[in-house]
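Here subunit A shows up in two complexes: once beside subunit B, once beside subunit C.
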Partner chain A sequence: MESIAFGIGITALAGALATVAGAAENTESDIGSQGDPNSQVQLAPQMGFLHRIFNKAIAGEPPAYGLWICLGAGIAWAFMAMQINPVLALVLGSALAVFIQGVYATTAYLGRTASLAKFGQPVFVDVLKSMTTVTMAHAFVAIFTTVTMCHLINAALGHPFPLPLLGLVWGIALGAAGSATGNPFYGKERQYQSQKFGAGVPISASGNIVRYAEAGERNSLDNGWFSAKLGGPASGLCFGLIVFLEIWRTVLFEHMGAGWGAIIVGVIIILIFTVIDRYIEVWARKNYGPYAKPTEEGS
Partner chain B sequence: MSAVGAKPQAGGAMDVPATIAGIILLLVIIGATYFLVGPGLMFMALIGIIIGGLAIAFGVHFVPVGGAPAAMGQAPGIATGVAMLAAGAGLAGLFGGAWAAEQGLIVAVVTGAVGGGLLMAITCMFVTFIYVYGMGIPCASGKVAKDPITGDTQTEFKSQGTEGHGLPFVSYVGGVIGGLLGGGGGTLIYIMLLDVYKEALPGMMGALPAQIMPVAVSMAGIFAVGMFLVNAVLTAYNITGTIEGPHDPKFKRFPRALVASAVASALCGMVAILIVAM
Partner chain C sequence: MTVKVEVIEGGVPHNTILAAGLVASLVLIYLTYANVMSGTQLFSFFGGLGAVAALVWGSHAIKHLCSYGIGTGVPSAGMMAFGSGVIAMLFATKYGVAAPIVAVVLAAVIGAILGFLSNNVLNMRIPVMIQSLIEMAIIGALVLMGFAAMMTGSFEFSPLTSGSISILGLSLPSYQASFIGGSLIAVAFMLGGIAIQHPFNACLGPNWTQDRMLMLAAECGFLSMIAVSVMSMALINIVAAVVSLIVSLVGWYYTYVKYIELSKRDAAGWLDSKPIPDVEGQ
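So, the complex of A and B:
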């Protein structure tokens, strides 16, 4: 009983850490303009729209976070093997991984922006100076919380994977959840804020991103402020729920029915989310649209 | 025609000479492994790895991926890359499967599958949530007039100048199936390799079975992650960009990916087995 209570406590803590990680990851990637919406940041100068948005698409979010969290976890693991206090090791490992992220962010901004020179897009040194540190700060929160979560799963719950491998696995999952949930909100809702609400961006408008703020030119900090209102928290909830439910079903139901208990609970959770998804979809169909008369043929 | 306006061709036809070459290559690799390690655990592990690779490659075709256009609500699907999303789901499955490895092959593989399906179910639900409540955009497929599962008509919910947006229910189900297959396949590869390493490493390193466990788990885990990415990336090339799910015409291309993935998994599997067999 005590071990179950302990397991549930660790599960809740891991879920909470994952929620913070997801929110920080999405906000970081939106300030840095790292996910798929970055295609528009890269495209805009080519269409004649020069801007001051940070542009650091180093890689897709999942492999990038796989690398940084694996690095953080690996360094922390090495420090722990040297008998350094785990809390200190986790902080140091994450901090060192953040410097790698900072180097990548700097070179990515300079390289990607320099490649747009023939379209007249300048490299803004003040953008580099003010944005890089902000993405690094958000990246630190994301990396530290995920590495700590992996350490809890490994040390307290006894998962067989070593810390760096857990870091790689959950880093990739963090990037996948964050980019899937947060990208549309940043890409459509923020970059194309001038387009109609409630409709996709017409393909003909591609590249015409919003470049001006209430005062002066819009920068990526404005984008971070905006996406922290919904895209970030939703990504955090998404990743937090994934981590929490995955561990919860294992910790509580693993020993029921020789392992089948956790499987049945997992299937029930999937079905519950399927029902919620269908409810949202039907709700949208009832409240928005239809925008044209039904036709028989697809496009 | 511009890159934006170009419609990708479905092109599901198999290239016969390439298919035959692939199958011959597969048989050569299987034969070579049989010749080198003989029948037994290691050979069966190679077969298991190939089956796991096939499950991953097939599963990735189900995952609705919209890439960059989806991030602007210009195309349906999840706004990220094919290989990345599949890897996220598959590796979350591998995490659960590895935890259940002691409870036998079937329980572990099914646990891994459910882990992958769980990640996709939650992620896809949040995608719909963001589209509907965050952006006020309903789900609409660009490839079919009616959702094959619910029968909902799609075209009248599409905004002007886009190919559709969001995740229609069939895409959601596709995503969950993709996660199930990916998680199960990745876990199968992991368990197969773990069995091989648990068997071979104590003799090779002159250590007790308990002492080599961390090494065996790490090696099997790294190889499983690597083979997962090999299969997911191969399939991403087959899909070329975006796919809406099982109802997309591009889905019919999967036989090509299965042949390629069988060869790639066999080759990677042979290397992973031979490092302890030779």
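So, the complex of A and C:
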């Protein structure tokens, strides 16, 4: 009983860390226009819309976060193998991973922008300086919380995978959660605020992203502020739930039926979420679909 | 992502880069064998340099493959290279001193099978597919072997799978504290997988230039070397690890500064705190 209470405590802590990680990850990638909003940021200058938005495409989010978290975990593992205090090792590992992330971000922005010279898109040095540091700060939060979570899973719950391998698995999961949940909020909503809600992006509007802000020209910090409101927390909730439910079912049910208990509960959870997702989709189409005929009572 | 068809104009031909990359990478990885000859671990950094040579070649191989309009395939090409390369590399480590050569041959076979499957079974029909996938598998195997040699001082199976942990001053053998047992191979995999695709992914576009992309490839390689040298502190003696760290820091700084200069040369403008410039037709 005591071990189950301990396991549930670790589960809750890991879920909380994952929630913070998801929120930070999505805000970081939105400030860098990584993931699916990137294609429009990349396309805009080619359609004649020059902009001051940060464009750091370092692969998709899942591989990129696979590297950052795996690297943070690997360096932390190496420091722990050298008998350094785990807390210090986790911080140092995350810090070095963030350094690598920052260097990749600058080279991505410089490379992408220099290759668009034909269309007159200049490199904005102030964008590079101010955005890179902000993405690095968010990336540090995401990396440190996820690597700490992996360390908890490994050291407190006794997961058999070594820390770097757990980092790779959960890093890809984190990137996928942020990419799937939070990005549409920036890519479909924020970049196209000037278009009719729910109209999709017609070909004629391709690349015509919003480039001017309430005052002056929009930059990626404005986008970070915007997506930190709903996109970030939604990603956090998504990744937090993934981690929480995953560990919860293992801690509680792995002793039933020689491990099959946890697998059966996992399948049941997937089925429940499938039903919920289908219900929300149908409900949203019915209420917000743009092509519905107006009714007598008014929309 | 739109379809991008870019022709390589001017610059060094691909076959020259292929030959130079393959030879340089093999020679540099073999130079880590000086560790065995001299009984030290000081020459481990040559493994990292071999990985850098393979990555420079790899970024150009991706460019070569992706000029056939595989727009979104750039990052996945990197994963493909390392996925096929890791099999060849792990198998080859059993062959002792012949390991790098065996890795190249085996990776070529795996790449040829994958290329045949994608071209003839999946019907992709891309002219350079088979050759490119062979190259990618070899590059993946060589980069992994280079990083493995840099972290452990050797490219043979037993040093890669056994390490030692010291408890209260006693040194105990441990399989968990090793390159493969501790899954540091996963870190090497991701470091290489991102470093190989990033140069072309970052530099694609109408104003792509070869020297800028290759400089970025070297920069990514040295940057990965920095991380590898820090992790090697746990597996090889501290002096050798510090030598590796210094070599990688110097190489990284030089290539990073050069890359920024080349970007400045190619960019349409280099503005600091300026508004969006006016363009005709807006």
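Heads up, the rule we're going with is that the second predicted complex is superposed on the first by the 288 of 299 C-alpha atoms of A that agree within 3 Å, B and C clash if a C-alpha of one lies under 4 Å from a C-alpha of the other, contacts with A are read in each partner's own complex, and residues count from 1 in each chain.
Here is the rule we use: a residue touches a chain if its C-beta (ideal position, glycine included) is under 8 Å from a C-beta of that chain, and two chains touch if they have at least 3 such contacts.
Computed from a predicted model, the values in this text were never measured in an experiment.
In the superposed model, A:Ala24 lies in contact with neither subunit B nor subunit C.
Once chain A of one complex is fitted onto chain A of the other, the partner contacts of A:Val123 are limited to subunit C, with no touch recorded for subunit B.
In the superposed pair of complexes, A:Leu165 makes contact with subunit B and with subunit C alike.
In the superposition on chain A, contact of A:Pro63 is made with both subunit B and subunit C. Contact with neither subunit B nor subunit C is seen for A:Met131 once the two complexes are overlaid on the shared chain. In the superposed model, A:Ala44 lies in contact with neither subunit B nor subunit C. The larger set of touched subunit A residues comes from B, when the choice is between subunit B and subunit C. Shared interface residues of subunit A, touching subunit B in one complex and subunit C in the other, are 39, 60, 63, 161-162, 165, 168. Every residue of subunit C that touches subunit A in the complex is listed here, in rising order: 1-2, 74-75, 78-79, 163, 165-166, 176-177, 181-184, 186-187, 189-191, 193-194, 197-199, 201-208, 212-213, 216, 219-220, 223-224, 226-227, 230-235, 256, 259-260, 262-264, 266-277, 279, 281-282.
Residues 4-5, 67-74, 78-81, 84-85, 87-89, 91-92, 94-96, 98-101, 103-104, 107-108, 110-111, 114-115, 117-119, 121-139, 141-145, 150, 152-169, 172-173, 176, 213-214, 217-218, 221-222, 225 of subunit B are the ones that touch subunit A when the two sit in their complex. Touching subunit B in their complex are the following residues of subunit A: 35-37, 39-40, 60-63, 159-162, 165-166, 168-170, 172-173, 175-177, 179-189, 191-192, 196-206, 230-231, 234-235, 237-238, 241-242, 245-246, 250, 254, 258-260, 262-263, 266-267, 269-270, 273-274, 276-278, 280-281, 283-285, 288-299. Looking at the complex, you find that subunit A touches subunit C at residues 39, 43, 48-52, 57-60, 63-64, 66-67, 70-71, 73-75, 77-79, 81-83, 96-97, 100, 103-104, 107-108, 110-126, 161-165, 167-168, 211, 216-217.
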